[in-house]
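A quick write-up on the structure given underneath.
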Amino acid sequence: MKIRIVAFGIAKDIIKGKELTMDLDNGNSISAVREQLSSIYPEFSKLSSLRFAVNADYVEDSYELKSGDELVLIPPVSGG
Amino acid sequence: MKIRIVAFGIAKDIIKGKELTMDLDNGNSISAVREQLSSIYPEFSKLSSLRFAVNADYVEDSYELKSGDELVLIPPVSGG
Amino acid sequence: MQDIYITVDKLNSKACTEAVTYPGAGGIVVFVGTVRDQTKGKAVKHLEFEAYEPMALKEMQKIADHATDKWSLHKMVIHHRTGLVEIQEEAVVIACSSAHRKEAFEACQYAIDTLKETVPIWKKEVFEDGEVWVSAHP
Amino acid sequence: MQDIYITVDKLNSKACTEAVTYPGAGGIVVFVGTVRDQTKGKAVKHLEFEAYEPMALKEMQKIADHATDKWSLHKMVIHHRTGLVEIQEEAVVIACSSAHRKEAFEACQYAIDTLKETVPIWKKEVFEDGEVWVSAHP
């Protein structure tokens, strides 16, 4: 499955862009995406945290992506 | 000794005025004044508390009044 | 603007907030006490505040000094109104600023709690059918 | 005025305070987060805030709803600014009102603490010689 990934904050700097489309090689779970991303962009492992959101809600690592889901990378937030 | 007493809040209602001058019969301590006041105005015993200030500072019951001290009655405060 | 202030005029919480703002502020906390329209279900027409002003200012200053010292504040401002205050109007404003927000929250709460215990200001609730000095009796 | 709001324009803490004022209010607590001029001793030129806006609004609304419910608030308003924010300008304003002040203090502190943990907004500190996404690295 192909998935569209949107980045904010430092995640944009890491993927050098606002968006990327990724072929999921090892399954459709968030943990699979996390692994794949970290192997392509080792910078992600250096962050304090990396969370994921689908359709504007946080999702757990066990979440299984469905076709059409918009996956958003949430590096450590720092509002306020 | 004669002492001038200034009242605020409900203490004004109790002594029916802003000020009174009292002859101290039983000594010059605040506790003596407290006793004398309560015997003249029993309403004071019904208050949640009654504190005293001399020259704009709280004083303890053991404080000995000096001639010229301005004694202020501080019924329960309720600012804010 | 004076930091510690008692006035019969309307208070200005915005001016108090601005007065504590500074370039190193990490957090500004402002408490505004407004006049409630009822007490224990009984409608209040308005409040009347009376202050023993020289002592009230002194006690307010003590609170601000202690809070500034204890919580390493940049600044604390305490303004209290006296006289007739209408429903919903500001009766007290306490603003403080600090490099860290937790300190500002604690200091502001300490200030209003202590003000209500030590500052010689009295509040009379005026009802349709009478009036009562607040907290006077147990 | 909207209760939950993200804007590139200047915030208005006074309007937020007024928005939560009501005749039954016993206490109004306002938190204002302003931009600090330095971080760990290093001079900051200004900040840049970026938000994942639909989700940020949703998370801010969750905070306001939870706080309103848990501390029986009358109302909570949360405004956050994005884009370039200058030193000393307001980056976030949280205002809430309640019949009892203790609840308003707790709710306001919960709201800013939680906002900093869950709301997808990112802050970049811009220095003379570079820029850093705040909290990105351990």
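By letter and in written order, the chains are A, B, C and D; residue numbering begins at 1 in each of them.
We adopt the following convention: a residue touches a chain if its C-beta (ideal position, glycine included) is under 8 Å from a C-beta of that chain, and two chains touch if they have at least 3 such contacts.
Please read all numbers here as calculations on a predicted model, not as lab measurements.
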Point to revise | Number of steps on the shortest touching-chain route linking chain A and chain C | key: 2
Study note, to complete from the structure: Distance between the CA centroids of chain A and chain D (whole Å) is 26
Review point. If you average the CA atoms of chain B and of chain D, how far apart do the two points sit, in angstrom?
Key: 48
Check your understanding: Do you know which chain C residues sit against two or more other chains?
Key -> 33, 112
Review point. Pairs of chains that touch, anyone?
Key: A-D, B-C, C-D
Check your understanding: chain C touches which residues of chain B in the complex?
Key -> 6, 8-10, 13, 46-48, 53, 56-58, 72, 74-80
Review point. In their shared complex, at which residues does chain C touch chain B?
Key: 33, 49-52, 54-56, 58, 80, 91-92, 112, 115-124, 133-138
Check your understanding: Along chain C, where are the residues that touch chain D in the complex?
Key -> 13-14, 17, 21-34, 36-38, 87-88, 99, 101-102, 105, 108-109, 112
